[in-house]
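Below are two complexes that have chain A in common, paired first with chain B and then with chain C.
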Partner chain A sequence: MDLLNAFIALSNYVLIPGIAYGSQLALGALGVTLVYGILRFSNFAHGDTMAMGTMATILVTWLFQSMGLSLGFLPTALLALPFGIGFAILLLLGTDRVVYKFYREQKAKPVILVIVSLGVTFIYNGITRFIIGADDQNFLDGERFIMSARDFKALTGLKEGLAFKTTQGITIVTAIIVVALLFWFLNKTRAGKSMRAYSDNEDLALLSGINPERVVMITWIIVAALATIAGTLYGLDKSFKPFTYFQLLLPIFAAAIVGGLGSPVGAIAGGFVIAFSEVTITYAWKKVLGYVMPEGLEPDGLVQLMSTDYKFAVSFVILLIVLLIKPTGLFKGKSV
Partner chain B sequence: MIVVDDLHKHFGGFHAVDGASLSIEKGSITGLIGPNGAGKTTLFNVIAGVLQPTSGRVTMDGEDITGLPPHELFHKGLLRTFQIAHEFSSMSCRENLMMVPGDQSGETLWNTWFGTKRIANEERALRAKADEVLEFLTIEHLAEQKAGQISGGQKKLLELGRTMMVDAKIVFLDEVGAGVNRTLLNTIGDAIIRLNKERNYTFVVIEHDMDFIGRLCDPVICMAEGHVLAEGTLDEIKANEQVIEAYLGTGLKNKDKVGA
Partner chain C sequence: MNQTVKNTILFAIIALMIIYTGFAQSWNSALLIVAMGLISSIMALGVNLQWGFAGLFNVGIMGFVALGGLAAVLVSMPPTEGAWTTGGFAIIGALLLGAGTVVAAVMLMKRMAPGIARTLAVIAVLVVGFFVFRALLDPAVQAVEAINPAQSGYLGGLGLPVLISWPVGGLFAAGAAWLIGKTALGLRSDYLAIATLGIAEIIIAVLKNEDWMSRGVKNVIGLPRPVPYEIDLQNSASFVERAAGFGFDPVEASTLWVKLLYIALFAVVLLILLWMSQRALHSPWGRMLRAIRDNEVAAEAMGKDVTARHLQVFILGSAICGIAGAMMTTMDSQLTPGTYQPLRFTFLIWVMVIVGGSGNNFGAILGGFLIWFLWVQVEPMGLWLMNLITAGMSEGSALKAHLIESAAHMRLLTMGIVLLLVLRFSPRGLIPER
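Let's look at the complex of A and B:
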């Protein structure tokens, strides 16, 4: 019984939040990795692209809420998501036309594009704060729990409760659908194959008559969709605050690099590696150990390896280790 | 068919191509030879749109094609292969070939969702064509192999196959023979001759192997220091004093050593 309780506590505080957070990071890292593979630079503006897309989704959500539209027990934000994606697509294609295209035609070095994307970050960030403010925004409605801790206890009679938030369920299901769709697209469709070809060998792709501008455009469209979905899921699960999205850049890049930049499979694996490292290292294990350890040996302290304030340090350390030991990442991306 | 007029390409102070003028006849297999650093590959790169010329003009059938991007030249029927074979390493050989005719309707997002039938038809036609090409090159057994895993010579054949996926008019081959064994080189040579005879391809071949040049090419153009030194049959070229100097330097006049 104690072991079961320990497992429930572990699921409640580590497994389920880790999977949800990992899915969000994976979706974010997929966007970063696609831009790296096709446009060949590290897009620092990705965090704020997520913020912009999410902001648009929130505004439309509020509009729908004021109109009385809803999805029942699901959050209204899902209904607003396509509009947010649409906005993000226009935003990225516009940015590309105004900013990145110029540097692409100059054949600028990747490092220049990285700095350019940093500039774009600040502009996006300013716009987001200007429109929606720098504070926390709440846009979650519908049922809060698929299963609350109290229901679970009543159902099973266990001492530990297992809460499964609606947002966590939505995150996991959406991530699975999006990833399946993306992989189908990349591997089975002509458009996806032309993206892979372009990423694999740019010269040859050009000499095979693949139109580079079209590949770039498709990439931005997919990245916009991924960023908005990742951002909205994160916002629903935690909360929306523009600065948090800027901070998310670090774990997202860590995920993309751990998996191997340019490798979509790697981005997903990396997302979960980073998420679980963060969650397990900052989790206070007292409760779980209390169940598992033999009588008398239960820990007195919290058994928390690091305070949650240091969670970003975890991604940093993993990033360093990977760059030192295996710079191409777990799934052999392009070396960084 | 292709006329290059006083073409210059400078990299800073280095004049890689320095006033090259030449013309390539329709239906010919023209050999391009010259010592290392003569500017052959740079000339290819400028003609194929990979590099912008510093000055000069390239025309194809009378039309000015100077500095057009590679994918536009591709659609005009001008193709090239690389000195070191390029391939999409994570795709199978068949997929590599099927990638070639770019600008398929399946390359737009819209058609991916709303034009599935048209795409399916196109893909079927492409697949049949790719299999036919693989058979022509006698590498049909490699269809499912990842292109990153086949041998260097087979990659060269695959590159040649790539040009057959579209109706190429003129193909620039950059050192097809480099690092390829004799048997495979003969296969490549046969394929080039057949393509030239049966499908009216015009070829321009950079090659250091004089036997290969002698078997395939007429005329042969010799470049040195960025410009054209001589043009003629291989024997004429071999007898040309300037060419001998370019290869061996002044002072050595042993004609037999040219191309040895």
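Let's look at the complex of A and C:
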């Protein structure tokens, strides 16, 4: 029995990666859930919006790197992030003007808007590949680790190392700041309150003089910021590849639905539920159990419940279970 | 101009475009477009059944197509020597046990009174069942995958004629659709979309990783064919003589003849399915489906069983996609799970249905041919355009190289623009529902 080492191993392989991944999913799911709450359709283009925003950030990062600008031990991408967000805002507002507005005025059925968002997905995906290509792009610089496994071992004298990547630290800190800002905006400002009112009851909101176009515009701006931040954090932490961002759609939607579509708190909770179930079910528990189990009873195999390739299956099964037990999600979402 | 004339003209335009391809590029590529156009049309028919008739939003077509492809492997490949005795039966046993565990858990859910006791019992059954399942499955899988891994390392198929796999592919897809439909159709519409998107990814993940079943990403190649091999034709004296009679050299004639045979087979399937879909559309059943689609509440008030009809049409449409998947794998004579991508196998089919005209079977077929033609031809067109744009730039400039290189990505962009334009200016498609 060696609980301390077991806990360190658990933190290293499960807790920290889970929290970082969960934060990225939560930011993505917040975007999906806001579009669903205000514009009332499931936005399939969200993954590719993330890819577009991240692509803009990467291009500006490369520009800064070539100019010699940097943030010291932090990645230069953070400096480029505002430009990426600006690009994503222009992109989404432009898309809304050219594409979505027409259907909103027609009061088209939500499922038509979903199909329209598929068309937007195609176009975004094509543009992303057109500009930056379909391959992996690396744009991470600065210090790689806040705490590397070797330093940790030297510091504490424990057998297990604890590595804490800079990107994971940045992800967690940024997510906390962004979520705090978002909730402050939704709960305290006039514009945020009008958004919530519009989401709760469209007709009443219109009657009380809320301008729907303004609400929609603010929503797209927030969604653009959230998508770009989520995409950049994911790209820093793992790597940027347009196709992966399209695939991220599945865990992001799972997170938003598990939490309850249209509910921001639910999106955050859903993000962590999905992330932790993916990580714990595909993690090989041999090491942790080896410390916890009594002498002689250590497991022989990897004690991996499922191979990592089935992580989509995990998020999907969690989604199904939640839907069958609580059809509107953990935090009462809405339905069209 | 009445509807029939307009439709005939639309089909004639596509035929002309394909014939032009034959003259301008090569007859081989023209016939390939026709063959894949037929397969795409069948997939579009299946999706049209679900979306156009019943308003079900299925974005898991890729999964059903892949299941059809799996059927082609399992039916037509020869069985691997010794695989069944070393581990095959154990694998089947383990899978049955896994299914039994799930059924037992569901039964417990239904039989026991709600409460902590039920939750604990269900969890206990699932956990114990899972570990016993893994304990049985893992050694058997290792034994099977150890048999000559470079060439087989999987159970192999039944060694039956590959044509049998087409209906079997339909059955596989129908079975999967039943499972999904049972769980997800009672839920809201957009949840069905996410559920099908997820299931498709899971099916592909299973195909990629379960090497004992279809060799995973190592791919199964060299599936038996329903038509003669080109090389046999070239060696046959009578065929060479006949080809010479038409003024063809034997190599080209053999490739064209093989494609023509495939086209004939596919056309037969398409015509049968089209006839059945037309009959379904104009039957009381078809009218009921459209009534449900247009107003679910009213149809339910009239005593129609909405969930049961949805399940029925979901299974039928998915089965058609499975048949098309088996046909495609048969023509490729290989199963390559790595090539299944949602943009190509799910959303492209959706573009076909929407552009062609949802709710109209002929529209689905028109969309299938038109969009497939564009999908194939946009790349050369994009390259031509890029060459035109970059003609003035200096040789060897980085921008010019990048632009020409990225012409390959024009496809997705074009498909998106076509979809949005049709949705905006002709939302009912080229051949609207009547």
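FYI, the second predicted complex is superposed on the first by the 333 of 336 C-alpha atoms of A that agree within 3 Å, B and C clash if a C-alpha of one lies under 4 Å from a C-alpha of the other, contacts with A are read in each partner's own complex, and residues count from 1 in each chain.
Keep this in mind: a residue touches a chain if its C-beta (ideal position, glycine included) is under 8 Å from a C-beta of that chain, and two chains touch if they have at least 3 such contacts.
Just so you know, these numbers come straight off a predicted model, no measurement behind them.
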Chain A superposed: clash or fit between chain B and chain C? fit
Just chain B (first), just chain C (second), both, or neither: which does A:209 touch? first
Contacts of A:190 with chain B and chain C, given as first, second, both or neither: first
When the two structures are overlaid on chain A, which partner does A:307 contact: first (chain B), second (chain C), both, or neither? second
Should A:118 be classified as contacting the first partner (chain B), the second (chain C), both, or neither? second
For the superposed three-chain arrangement, angle chain B-chain A-chain C (C-alpha centres, nearest 10 degrees) equals 90
Partner touching more residues of chain A, whether chain B or chain C: C
For A:201, using the defined touch cut-off, is the partner it touches chain B, chain C, both, or neither? Pick first, second, both or neither. first
Touching partner for A:3 - first (chain B), second (chain C), both, neither: neither
Superposed arrangement (fit on chain A Cα atoms) - minimum chain B/chain C Cα distance in Å: 14
Chain A positions touched by chain B in one structure and by chain C in the second: none
Please name which positions on chain B make contact with chain A in the complex. 48, 50, 69-71, 74-75, 79-80, 82, 86-91, 95, 99-104, 106-109, 111-112, 119, 122-123, 162, 166
Please name which positions on chain A make contact with chain B in the complex. 185, 189-194, 196-197, 200-201, 203-212, 214, 218, 221
Note: in the complex, chain A contacts chain C through residues 41-42, 99, 102, 110-112, 114-116, 118-127, 129-131, 133-134, 243, 246-247, 249-250, 253-254, 257, 261, 305, 307, 309-310, 312-313, 315-316, 319-320, 323-324, 327, 335-336
Could you please specify the touching residues of chain C with respect to chain A in the complex? 55, 57, 130, 183-184, 187-191, 193-195, 197-199, 201-202, 205, 208-209, 341-343, 347, 350-351, 354, 406, 409-417, 419-420, 423-424, 427
